[in-house]
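Which chain is which? They are A, B, C and D, in the order written, and residues in each are numbered from 1.
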Amino acid sequence: MVQNQRPVQLFRNMSAKIAAIPMVLTAMVIFVGCSAWTIFHSFTKSKLLPTTKWVGLDQYERLWSQNRWLISIENLAIYGIFSLVFSLLIGFMLAALLDQKIRFENTFRTIFLYPFALSFIVTGLVWQWVLNPEFGIQKIVRDMGFETFTFDPLYNQEIVIYGVLFAGLWQGTGLIMCLMLAGLRGIDEDIWKAARVDGIPMWKTYLLIVIPMMRPVFITTLVIIAAGIVKVYDLVVAQTNGGPGIASEVPAKYVYDYMFRNQNLGQGFAASTMMLLTVLVVLIPWAYLEFGGKKKHV
Amino acid sequence: MKLIKTLLASTAALAFSTSAFATDLEVTHWWTSGGEAAAVAEFAKAFNEGGDKWVDGAIAGSGGVARPIIISRIIGGDPMGATQLNHGRQAEELVEAGLMLDLTDIAEKEGWKDVVNPVRLLNACTLDGKVYCVPVNIHSPQWIWLSHAAYEKAGVPVPANWSEYVASAPKLREAGVVPLAMGQQSWQTQLAFDTLLVAVGGTELFTNILSNKDAAAAGSAEATKVFDAFATARELAQGANVQDWNQATNMVITGKAGGQIMGDWAQGEFQVANQVAGKDYTCLPGLGVNDIIATGGDAFYFPKTDDPEITAAQKRMASSMIRKDVQVAFNLKKGSLPIRGDVDLSAANDCMKKGLKILAAGNVLPDGVNVLSADTAGQIQDLMSEFFNNTNITVADAQSRYVDIIKNAD
Amino acid sequence: MSGRNIMIYGTLFVVSIYYLLPLYVMVITSLKGMPEIRLGNVFALPVEITFEPWVKAWSSACTGLNCDGLSRGFLNSVRILVPSVLISILIASVNGYALANWRFKGADLFFTILIFGAFIPYQVMIYPIVIILRELGLYTKLGGLVMVHTIFGMPILTLLFRNYFTSIPEELFKAARVDGAGFWGIYFKIMLPMSLPIFVVAIILQVTGIWNDFLFGVIYTKPDNYPMTVQLNNIVNSVQGVKEYNVNMAATILTGLVPLIVYFISGKLFVRGIAAGAVKG
Amino acid sequence: MASVSIKQLDLNFGTVEVLKNLDLEIEQGEFLVLLGSSGCGKSTLLNCIAGLLDVSAGQIFISGKNVTWEEPKDRGIGMVFQSYALYPQMTVEGNLAFGLKNAKVPKDEIDTRIKRASEILHIEPLLKRKPAQLSGGQRQRVAIGRAMVRDVDVFLFDEPLSNLDAKLRAELRVELKRLHQQLDNTTMIYVTHDQIEALTLADRIAIMKEGSIQQLADPHTIYNKPVNLFVANFIGSPSINLLHGDMTGGKAPMFTFGGGKVSVKGYDFAEPPVAGNAVLGVRPEHVAYGEAAKKMPFKTKVSVDVVEPMGSDTLVWTTLGEETFRFRVGGQTDIAKGQEVTIGFDPATTSIFDHASELRL
């Protein structure tokens, strides 16, 4: 059979499309479908069980009048910004150090990476210990003779979120370092030679030449870090459980607590809808840049 | 070959002989500590005696962790045989949705109404005249536990009530003792507030606010006094850097703290540390101000299934939990009071007996958890926790937000 | 040693302390007896080394009525881990391959949605997924849990695989098509044999994620299938009773052992794989 | 009948037109070169013929069969890529056998074909090696072999020599030519941006620009009679001299430019000339110098700007009128910078284009 007509578009690359069915289903049913379900129910009076009793924007009005929600947002912003900046900074710095053709590279790399193998629950627990003023770092320093030394981030609500950040960075920077290291290894040796011949100082080479060349790594890294930030939950629960008071609450915990502790699904869904919205606001421009721009030079 | 056949035959016969009455029931609960687990084991033992099998599904971390599991399993159509849930408002919706087994027939047959004391525990299990859960114990949160060692160190006598306790605080501070031990978890601060509410504010205020949701009462001058007392407690707890309630109790045991406001389950900790009530520590129900306790407690629910065998087994389990001997065995291990008035608890310790006496006199209050929805209770927890940990929030602020929550309570 | 080297090694050394400190605390605490722990200093070396906490954590710590420690959940964790890792990686790698080499209409849209999915908090999807699994008859079955892990591993894994396959020269793919290989032929005969590094990365990420998972394991299965983390949670989070820190720490280390071993063995391949999967594309 | 015929082919990527209404007929056994600078659509066209890209409109016939929507493997084509695209995990033998195995060719048949191809390409000793162990030239031979064993009617080459060094490129070029002679019924379509390859290999060359074919002709015609200014300029190294001026029409047409007047009566006009702006192109090797120049219809004196020795010959840069003008002399020359020389050319060997349309007159 010779096909003279343009075949139906749907059947071109059939195997590829069949193979993509799990992805399409996941994207549409789980991510889009469940988000839609969530958004819908955020306008209802759902309590312990989902119902369709419509209440309009009530849940949102209540959400934004909750002190706890506002604190959660603020904490997420602080945690997010610092986590992003320091993950990249520390990750890149460590990678750059490891990339200096040093000895024991494997050892150092393993040391920096191993926390990533541990769950957030474990991370939170361990750092809760290390930061405990009664027997942790504060105690040691005091025992060394600095009687007035105070370092109790988990018990000081002004700085508790930084205590969480400390643990979060410990757990996550190893992976970022690996990504960065991989990126650095992908840079052509000649670039370094050229920069040296031109007499460009090391830091300038990194800043102006190497980092711009690592754009794809940074994109992958950003997706990984950002997804982790938005979802930060386990760490806070294990380390501070939102305390002291509500000083280290985060949005994901607000969602969880309202859904399951307060048995107010509607409120939890309203909060998660706000989170989805924020993600969309950040992600849509990115997707546009990634795919809108790429089509031109296929 | 022959051997295998015989073996098969005999095991089949064995299986048959027990299966006439044997059903596996999975039970979800969050009692995982040593004492709790020992208490649960009593239930399991009683249930297994009948030839059934108790399949344990313990999940630590209190209701917050367990609840999504319980609800998922129920809406997922593959529920557990029985589950722990705080009775009252929290399970109401599941009952209304027809997802819980109606236990009315065995409750009537066994006359639960007559044996459960106080009877409101059974009422909390009842919706539209039908019984849906088995209350298993009574816990009262309104206690303060005082350390004799700490007071010795400070050189002041052990106080007998809240105001004496507050007055003694500066001396404790001087002696390097934290007056009030308090864990970071929000339920602990809320518990302290409710305790002050009944001790300082009185029974009427307590019921007006928590049972009748009277916003005016929440904003009244009496309530302000409670908040003032709570602010005092906030001062007294400065420097108590612990997370879990039992770490706080440990501070009392070791004399690092003067006292702790905590439920009657705290005495388990004192027992473990070989402390003797009246000699090493003192317990004051209702903070020594108001000899009255609220009676909360735990209850078991039985999700509905289509399988008549399971339903029968669920009923067997329900009736075993409320049995006299099981109640005694369970509650002695759990450190709580039995829900039956007709059992002998001579083995109980000093503090427990204080509780029993108050109970017998009928000086009981409904517990906040029973009359507030989980949503309202959660909001109050957040507020109390925030207030307790942030000295920038004034009493007036906190009270006005409290009034808001009560006003919108459902 | 030059000044520059002193600076490099000095910095690395100091940073290493930050990374190693918690591990140190975990290990020495797990080797102490409870009386010694009550004395205070978490950083002090144990006066008397005891392996009691390890034995207890593994074989006799109680969770509810079952006093057989972590050992109970270990096999379950393995039974969950193996199929979940294999299936999630297989599906994600085929996805990545389809996206990289067989661009079809709408592919970018689905991919964008998938990446978006990486940002959705899990909690939101607990109930809808319960309902979906119920309708599929997979709820509380091992298969259902495998499906859930596959779904939530998909965004990041697909991203990695897509980037990796994009970095393989397109001409190779074209040559194989001219040579008559189809979608699956190219995948199995050409792409798979070239993808060891990225598979190592995927395996590491999935082993870590799935092994450490608690929420899905406990919500989508029954007690018979509960993973090890449920026991860990029960040991660590027991609300009442005395906290046995040494047992907690031993349990923590024991639970983390599987991913840790995977890391130590394949650390080198990990960087190489990341270099291949995340750098290009 | 292994002809390839392309009819009204369009290809768009989004809103960008990559191939525009393209027609092309290739005969059986012909060696056709698609020549153009990068981005002209030549590789895209090749990918369309191979079936690796879906066309937007139009048809492709191979051996008379409409294959527009056939899979690549069903089109009877073999393809050789610039980067060789050898499967790195397979041995040379595995690479050669891969396509045959996919087509379910019997084992002994596979062996025979591999043996024959490796003999022709002199790669028998390499069969057990992996691609990473081969040199660039060897790899390309294997890549060609991979196409050969499949007994295809049409070979598609996508810049196959671009990754090789100059010497190897020249060697393989000759080998390709020899191969084409050996497989004399096989049609070959060859994409390159290297005009030397095009001129040496092709039976016909198609010069492409911006998605359409500018000229399709044998190398001689392309070189000597370019159809437009673009082709004239593109082909030839060093490139053609272009002189801008005016044409008068009539019986005795004259071309007037800054450097003088040229009678172009001897020029083979496609149509009778009319007056207007024009461009006259003279290839450097068609310029006579010294004594020889004196016999030319047009001669003039210029001064030398630069002398560029190139081994076998020498390129001399001068200025004629206001425009740069180059001519080629023998390898040994005594021309020096600043010297005044006489040059000349025969208008019959030139190409004249209309200034506005850039088309050959």
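Rule of thumb we're sticking to: a contact is a pair of C-beta atoms (placed from the backbone, for glycine too) under 8 Å apart; a residue touches a chain by one contact, two chains touch by 3 or more.
Because the structure is a prediction, the values reported are computed rather than measured.
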Identity of the chain that, by mean CA position, is farthest from chain B: D
Leader among chain pairs (count of C-beta contacts): A-C
Geometric centre distance via CA averages, chain D-chain A, whole Å: 54
Cα-centroid distance, chain A relative to chain B, in whole angstrom: 37
Rounded Å distance, chain B centre to chain D centre (Cα mean): 89
Centroid spacing, where centroids are CA-atom means, of chain C and chain D in whole angstrom: 56
Shared-contact residues (touching 2 or more other chains) in chain B: 68, 71, 75
Chain C residues counted as touching two or more neighbouring chains: 126-127, 233, 236
Multi-partner residues of chain D (at least 2 other chains): none
Residues of chain C touching chain A in the complex: 8-9, 11-12, 15-16, 18-23, 25-26, 29, 40-43, 91, 94-95, 97-99, 102-105, 107-108, 110, 112-129, 132, 150-151, 154-156, 158-160, 163, 182-184, 208, 212, 214, 229, 232-233, 236, 245, 248, 252, 255-256, 259-260, 262-264, 267-268, 270-272, 274-276, 278-281
Contact footprint of chain B on chain C as seen in their complex: 62-66, 126-127, 130-131, 133-134, 139-140, 218-220, 222-224, 226, 230, 233-243
Of all residues in chain D, those that touch chain C in their complex: 47, 50-52, 71-73, 77-79, 81-89, 98-99, 102-103, 143, 146-147, 150, 158
Residue numbers on chain B that touch chain C, as the complex places them: 26, 29-37, 40-41, 44, 54-62, 65, 68-69, 71-73, 75-78, 80, 244-247, 250, 265, 268-269, 272
Of all residues in chain C, those that touch chain D in their complex: 169, 171-172, 174-181, 185, 189-190, 193-194
